[in-house]
Each structure stands twice: as C-alpha cells, then as structure tokens.
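Below is one structure; the comments refer to it alone.
Note that the chains take the letters A, B and C in the order they are written out, and that residue 1 is the start of every chain.
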Amino acid sequence: MATISRPVAGEIVQPRRSAGLWSDAFGRLRKNKLALVGLFLVITLLLTGLFGPIIAPWPYDYQDLEAVFAGTGGPLPPLTAGHILGTDQLGRDLLSRLLDGARISVSVALVVQLVIITIGVPIGAIAGWFGARLDNILMRFTDVIYAFPDLLFIILLSVAFRDTAVGQAMDGLLLVFVAIGLTSWVTVARLVRGQMLALKETEFVEAARAIGVRDRRIVMRHLLPNGMGPIIVAITLGIPSAILAEATLAYIGIGVQPPRASWGSLVAEGQKYVRSEPHLVVFPAIAIALALIGFTFLGDGLRDALDPKLKGKQ
Amino acid sequence: MTTTVETTPTPRVTDQKVLVQVDDLKIHFPIRSGIFKTVKGTVKAVDGVSFDVRRGETLGLVGESGCGKSTIGRAMIRLREPTAGTVAFDGVDLGSLSSDALRKMRRRMQIIFQDPYGSLDPRMTVGSTVSEPIETHGLAAGQAKRDRVAELLTLVGLDPAYVNRYPHEFSGGQRQRIGVARALAVEPEFIVCDEPISALDVSIQAQVLNLLTDLRSRLGLTYLFVAHDLSVVKHISDRVAVMYLGKVVEIGPPDQLYAAPGHPYTRALLSAVPVPDPTAERKRKRVILQGDVPSPVNPPPGCRFHTRCWLYERLGQPEECRTVDPPLVAISGEHQAACHFAEESVKSDVGVAHMEERSIRHGTPTKALESLAGDAARGNGNQGDPLQTPGGAMEALAASLGAHLPSPGAPVADLGAPGSSAGVPGPDPEAPNVDPQPPAPGTRPS
Amino acid sequence: MQQEPVSTEDVPTVIDLSPDEARREHQEQMARQEAERKDGALLQVRGLSTHFNTPDGVVQAVDDVSFEVGFGETLGLVGESGCGKSVTALSIARLVPDPPGRIVAGEIMFDGIDVLKLDSDEMRKLRGKEIGFIFQDPLTSLNPTLTIGYQIAESIREHMGLSQKAASDRVVDLLGKVGIPRARDRLDDYPFQFSGGMRQRVMIAIALSCDPKLILADEPTTALDVTIQAQILELIQTLSEEFHTAVLLITHDLGIAAGMCDRVNVMYAGEIVETGTVDELFANPQMPYAWGLLDSLPRIDDVRGERLRTIEGLPPLLINPADACRFSPRCAYARDICREQGAQLTSRGSEAHLARCWATEPEGWIS
C-alpha cells in the first residue's frame, strides 16, 4: 500500500487569490535575510557589469603618470585624490579597472551558464526521458567529458581555435568562456537526467500519458517546470565556480589580454607587489569574494525557496 | 415525505457487450542489478489473467498490496506494455495500434489515481490541468474551452472560480475531484479507478464514492474499480474479481461471491475486513492468514495460495494443491473460482458467518430524520432521468446540475438518490466554499 | 477481533519466556491488578488541554479532554484526521514536541502517579517500562541504521537491567511472540529487510518489551493490508488478554473499534463528543457527528448501490474556537442554541454513555 498522505497544517483552502508556486517561492525568498543579501550583491554585480565603464572615473587603461611621478613613482595608495582605491604601478586607476573587470566576470557568468543550459539540459532531459540505450550512450559520453582534465581541455581548445572568428570574438575571451562552459555542463546534465527519471514515474506524468499528451509536450510542460528548481539552483551555484575558473585561467595567463584585466588577472598582477602595496590584491580579492558570496547565498536561498518540502518551515 | 433510509438500488443498465477484454495477460518486470544491469530474475506482477469488462458495468478488483492490481489497471489502458497476452478495447487489440491511433483511442479510456497529491502537476493550475486533455485532443479552444473547464469543475462539485488555483491549495478530497474532472474531460467510456479513495479520510471517502456512482449512472461510464477494501468494492461493483499474487482467483457477482466464496483466499480476505458493528464482529468466525504474501519473483508452485491456505491445512495438505495450478472454473452461473476444492470452500462458513443476518444499520436514527423532514423537501427535486449518452449531453447535464445546486461547493454529493437527501444537510451558506477536509495533522510522532 | 468471550482454558495464560518464572510473575501481577482494579482506573485523564503555538495562532489541538482507562481495558479513540487523537496519546506519554506544543492544563494520573509532575528522567523510565507506545508510522519509527535486535534490546537493557545475554534471549522470545518466524536468525537484520507488517510487529515487540501496563497504539495498522491488519490486531488482542495490558487504541476505522474495544471515545475538533461502551455507541449513538461517521461507511453487509450519507463541510480550525458546538457549522440539526453555547458531555441513559449535544439532551429536539 502506498503511504497515506494527508494535508499538512494550514493548508485548508481559504477563499483568497491564488499565489502560485513561483510567487510563493519568492515570498519565502524574501523572508530569507541571507538570500536577500545575495540578491542585492548579485544585482549590484550585474549593474556594475552593465554600467561599470560609464561610471568609472577613468578609462581602464588610462595611465595617470603625472600623479604617479608626483608621488613616490610606485603604485598610488588608496584614498589618493582622484584615485579612491589607488592605482597600479602604471598609474591605472584601480577602481576603474575593477569596474571594467566586473564586465568580464558578468560575461563569464552568463556565457558559461548559457553553454551549460544549451548542452547540459537537453542531454540530461533526453537521457532521462528516453532511458535505456540512449541513456546509456549519453551517460558514458558525459563520463568521458567528466574524466577529461578541464585545464588541458581549455588550453587545447583555446589554442586550436585561436585564429577562427570565435577565437577572435571579445578579444579572445568568448572562446575561453565557451571552453569553461564545455567542461562544466556535465553536472547539470546529470542533475537534469536524475530529475527526469524521478519525475517520469510520477502519477501526474502517467496521467498525461493516459490522456495522450505527446512526449515532447510532457517533457516541456510537466517535467522541465517541475525539475526546474534544482536546475536553477545548480546553475546559480555554478556561477561562482565559473568566475573562479576565469580568475584561475587569467592568473596563469589564459584569457584576458593586457591591458584589459579581469578580477583574476588583477590579483595575479598585484601579487608581485603584495608586500608593499597590498591594496592591489586586497580590493580585487574582496570583489571576487563578494560576487561568490552573493551567488552562493542567492543559490542557497533559491534552493530553500523552491523546495516544497521546506514549505511551511521558515 | 417518506423517511426511507434504505433506497432501492438503482437498476444499472449494463448491456452485455464486452467493452474491454483481457486475454491471458502477463506482465513481468525484469530485475536488473550489477554494473552491467544483467537480468537477475523477473517480478511476475501479472501472470496469466483473463477477464472481460462489459459496457456499463463496474468491475471491482481486490487483493493484497503488490498482487498486481495497479499493473493490470494500467495495462488495460496501455500505460504498461504486456509481456504476453492482449487487451482489446471495444474489439480493437490495443497492442496492434500505431502510436497515433493509440493516442486517439486514449480519448475513450482514462484513469483516476490513488494519490490525490502525486497525480496532479504541482506547477499547473486546476484550469490548465483540466484543459490539457481538451487541448491534446483538440476538443475546444478559446472561450469554448474555458466554458468546458468550468462545466467539468461544476460536474465534479468544485467551484469554477477555482480555475486559477494550484493543487496545493486544495484538500485531498478536492484534489481527487480535480483528478476526476481531468479524466472526464475527454468524455471517456471506460475509467480505471486505481484506489481512488484509499488515501482519503472516511467521511471524504464517502463523498468521492458517491461522486463516482453518480457520474457512472449519469454518463453511462464503465469502471474498473481497484481497491483493497472489500466493503467499498462491494458497494460499487456489479462484479468483483479477487487477485492473489498476479492471478485472478475468483470472480463473480458480489452477492454470490460475498455470500458463498469459492476460494479460501476470498474467505480469508472477508474475515479480515472489520465490520463497524460489535455484535456482528463477535459472532463471526474468522481465519487469520499467517505470514506475508510470497514474493512474486518466485511464486509457490501449484496453487500459489497453498503456503497460506487454511483449507489446504484442513484437508491434510493434499498433493494436488502443491503440484497443479488450479484454473478458474465456474461454481454457479457467472461465479468462478480457481481452487481444486472450491465446493469445500463454498460449504464452509468461514469468514462470512455474519452475512447471514444482516445487522441493522446504525447511524442516524429515524427520529432524527423525522426532525429533519420539514427541511428535506427543499433538496428533493433532482431525480431526472439519468443521462446515458456519454459526453454529448454534458452541457445539459452541467446545466441541470447547476440548477439544483444550492451552492457550487458541495453539489454532486446531493445527486441521485432522493431518499437519502434527507440525511444530507445542505451546505451551510456561511461556510467557506470548500470541500470538507480535516484540519491537518501536524508533526507526527516518530 | 473479538471472538466469543474467551474462557481461560482456551488461551494459554502462560508466557513462555521462561515458563515457571513467567507464570509466577504473571499470576502475581494479575492478583495485584485485581486488587488495584477495585480502587479505580489505571489511567485517569482529567481536563487535558494541549496547545500548539503556530504562526497563525494557538492551535487548541486537545481541549479539556477527560477519560479513564481501566486495568486490562481496551479504550478506542476515533475521529477524523486532525481531531487530536495522536496529540492526546502523545500528551499521556509526554511526547508532545515542545515547542511548539505544550500541555496547558489538566491532570494525568497513571497507576497512582501524577505523570505531569514527573521530571524527564522519571518520565523516561515510566515510558519504557509502564507505558508502551506503538507509533502511527512503522516505517519511520524504527532507526534504519540499527539492527532490529539492538533496537528491542536497547529498551530492555535500560529498563530491566538485564545482561546482554538475557536481554537477547528475551528479544528472541518477544519476536516469536509477535509472530516473527526464525527470530534468532533475524536479530541482525535491519528494518529495511522487514516488510511493513513485520516492522509493525517489531514496534509492538518494543512496546511490549518491558511488560507495560498500558499500550498507547496510535493507528497501529493504518498503513497495512487488511490481512496483515487482522494479524496485528489479533496479536494486540491476545497479548493484551494474556498480559492483562490496557490499550488505548487510536483508529479512524470504526470497524476496528467495534471489534477490538470495550469502550469508545469519539473525538471531534479536540473534544470528546461521545463516549460509551462499544455496544451503546454503535447501537444507539447520541450525537450527529457520530451518526455521520457511521453513515458514511460502506459496509460489507450493506445492500449494494445504497447511497452513502456524507458529512458535508469542514472541521473548524482549532484556533480560537468560539463558544458554540464545534460541530454546528456542519450539523443538519443545529439550532440557535448550538451556535450560541457549546454543549456539555452529559449522560445518555447509562453512566458510561455520555454525549455532547443539545439536540439529544432529555429536553432536546431529538430525544
């Protein structure tokens, strides 16, 4: 016999307007302080990414040599007139460079997740829905991708395609981002597959089949919306690792080319002066940390908000 | 106003034509394990079952958990592929249909599930759930579709104003009604009811049961009614089939099957059903089956029931039972049982002793009904002809329903039997327009 | 599961744990209880109120509930889901989750002990030893990571101070008693290796492990098949007869109550609305909610095709109930007085038969 489920407390229908699951989820999200902090940080990051260069006091590659020579000849410390966060050894305003770097961090977040969604979700959905042979083949393929060393893959890819149109786009950054995406869709594919497998057996899907709804429509209308919660969360939580991956790559010299800088390459450069001029490392590091914290808090909050099992608990 | 408590059972129209024919159906599930997913055995969930469901009839299907009831039900509407055997719907072998033809056929057969929570998509509003079948089969669009959804909701006793709500905003009984509305949306002829009331509270069970009975007589529906509760099955069925471990062991009209069961298992099941009457409970003779159901992976040889059969023990463990699988044979008329010693079982009085003298049904006392007599006249107008045409007359039906409803909240429960409406209080006009639902148990002990 | 009143010859009165000792112990116990019985009930619950603090307000889950359970008696507690049956049992065992729950008023006397005055250590002792609890859900009440043998022995060792060996022997005896074959071989099995029915038997074995005087059985068979249910109910019944254990049997199945219980309490919305011996209650119910419950059951001895009468409407929220009959919004017989003032539990004919309804009071409109 199946388990006997009964309504839970407070579920009695009151004549009120329907809220809907998503607005319910948003309601729960709003009650979660940490998630709100995360949301705020993420929005700030997105806005900086969009408008950063416009509000930046200087162009990112402008060398304020006058100021540098007027000073000690080395990087200017924070709170210098005109350069709130100071400059680097070439007199480039750190705040402006951070604001420009935000653009790179935002695009890495978007491009990588876009790649993950376009590859991981369909592969997972197809494997999970059709099962059997196709599932086996697709899952072995993902295993192979998973086992392949990421860094090697990215380096190979950026070398191989350096001279193509894609390789040139966004100063070569697009290629790196796509490469990062190509190494990280596997987790999402597996997650989607798991969701599909679980949802496929539910009675509401069986009901849809009994009605004669076509497979494609069942997947689009029933499976994906219901599996969306964990997928969205995984994607949100995947963004920090993409930002981190970009930073790592920049640190070893793949990706952003000077004079542009991402937050990762700022840390890499500043590291040379870390003893005398710690601000060159500290500020980019803080920026990275804030972005990571923002996405992690938001992802955690989304997970809780979208998990119906946590309904009612606050 | 006569205050009859007992209503004469409405004569049910069953023409003798077979609607669904199940022939030697077998459904085996492979058990796979290990990294290479090799087959380690098979679960013989359904193992050679044949029966018919006639048009307009309700066939009850009972048996212990895991005996294959749901699997048969699903196979009958081709949600499971049979391993062997056929299911023919209105003369057409479902296995021979192309996927497009099958999809068209699905309009004629539907299913209602046990779990009112799992069977509705939590992300879809009631409106989209009920309109999905309408869209899938292109039955209506635009305003016509919306009207039809409203009509269906009214039909199952829900306020059409609820279309934009999500399943989690409803009680168990209401959700079950939504499931019924979805099944009815394609105007089916045949509905598999897979334990539709098992998960509901007693008083709500009665409402859903009444709803199903009313719809059946109004729309001329044919049901396969799966349940594990013999009293519920008896209440609603024209014929009853008893299953044990993947096989039908007894089938027949309830009056005969319940009064003189030909299979010892049926007697054991009957004697296990508690009767809400202390006197009857004390009087009856019972057998308590020992042990659990054997595994369907390795069913016992010969008669599958012999490992738990009291008659086998009583007869001194005849060898026949261990070696020969008894076929279904007629006991009398339509009543068939699969037991080598069916006539012994028929003669015994195990399990059913209490049936002989039908105890008085206690519940609302007559004096209370009399005190209500004054009010009763009000709700007493709806004994119009049961509509027999499936689907076509739905509009008329919904309209006629609407006319009799004091409020859309609790309508269908009041349909049909005129005598009984005396006992059904009209819904309180102040009460929120909702289905009765128990307030929730919160945390359970664990 | 009641059979013909069982004469002592039919039932082995001996517990075959270690026969002589058990027989002596049992006879002593019987004699002791015989004496005690004259003094009154094993369990007396008076004016029990248990409330839960929730974001929406205070849920008065159990409100001024009083009843008694005699030595060796089986008392049924029936009612719709959410009416407070489990909370009543949890309150007696002081297992109400706190917070959010709290016993706000009342007195619970168990065998002369004021349960609500015990500290948590004393309570734990009482709970394992004198009061056994069979929970509603057999699947979640056993720890999946511990063996069956360990889980039963745990409580025996704690409460009876037996050695490892003696405890393990007793576990085997208990498992045999609750009908688990080859018990010794199964001590090292984990709960997942047992079927639902077997797990429920293990729960019963744990509840019985220290010869309790009272078993609180919260819907012990709700998740089981009818055949397994019959086995478990028979088991509870024979054991309670053998050990002379009192049982508070919670169920929503009136059939089970009819077969198992000596007396029955009907609960509605946190209150007892009717109480009486099974025969009184089933033959002559005295309030509309009890009528409705009986009416809405399809019965195996019914004439086919009869319509069922149903109880329309919705049980009230248990937050700030008004001073009115709590059933009045759903009651077809309600009059003004019902909505203005709650009725009291008053006698209907016999001393044991009480009902809470204005209409069936001697001067009421249905009497």
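Keep in mind that, in the parts below, a contact is a pair of C-beta atoms (placed from the backbone, for glycine too) under 8 Å apart; a residue touches a chain by one contact, two chains touch by 3 or more.
These numbers were taken from a predicted model, which means no experiment stands behind them.
K.L.:
Would you say B-C or A-B is joined by more C-beta pairs in contact?
P.N.:
Between A-B and B-C, the larger count of C-beta pairs in contact belongs to B-C.
K.L.:
Using C-alpha centres only, name the chain that sits farthest from subunit C.
P.N.:
The most remote chain is A.
K.L.:
Distance-wise, how many Å sit between the C-alpha centres of subunit A and subunit C, to the nearest whole number?
P.N.:
Inter-chain centre distance comes to 55 Å.
K.L.:
Return the distance between the CA-based centres of subunit A and subunit B, expressed in whole Å.
P.N.:
50
K.L.:
Measuring from the mean C-alpha position of subunit B to the mean C-alpha position of subunit C, what distance in angstrom results?
P.N.:
Between these chains, centre-to-centre, one finds 31 Å.
K.L.:
By residue number and range, which residues of subunit B touch two or more other chains?
P.N.:
Answer for subunit B, listing residues that touch two or more other chains: 65, 171, 201, 228, 432, 434-435, 437-442.
K.L.:
Give me the residue numbers in subunit A that touch at least two other chains, ranges are fine.
P.N.:
Answer for subunit A, listing residues that touch two or more other chains: 1, 4, 6, 9-10, 12.
K.L.:
Which residues does subunit C have that touch at least 2 chains other than itself?
P.N.:
54, 59, 81-82, 225, 314, 317
K.L.:
In the complex of these two chains, what residues of subunit A are touching subunit B?
P.N.:
Residues 1-2, 4-15, 18-21, 202-204, 206-214, 217, 221-222, 225-226, 308, 311.
K.L.:
Spell out the residues on subunit C that touch subunit B in their complex, using ranges where they run on.
P.N.:
Touching subunit B from subunit C are residues 1-4, 52, 54, 59, 80-83, 86, 89-90, 95, 97, 133, 135-137, 140-141, 179, 181, 195, 197-198, 218, 225-231, 233-234, 252-259, 269, 278-279, 282-285, 288, 291-318, 329-333, 359, 365-366.
K.L.:
Enumerate the contact residues on subunit B facing subunit C in the complex.
P.N.:
6-7, 9-10, 12, 64-65, 171, 201-207, 209-210, 213, 228-232, 234-237, 254-255, 258, 268-282, 286, 288-292, 354-355, 358-359, 361-365, 367-368, 371-372, 375, 410, 413, 416-417, 420, 423-428, 430-432, 434-446
K.L.:
Report the residues of subunit B in contact with subunit A in the complex, numbered from low to high.
P.N.:
For subunit B paired with subunit A, touching residues are 65, 74, 77, 79, 102-104, 106-107, 109-111, 113-115, 117-125, 132-133, 136-137, 164-166, 168-172, 174, 179, 182, 186, 195, 198-199, 201, 228, 432-435, 437-442.
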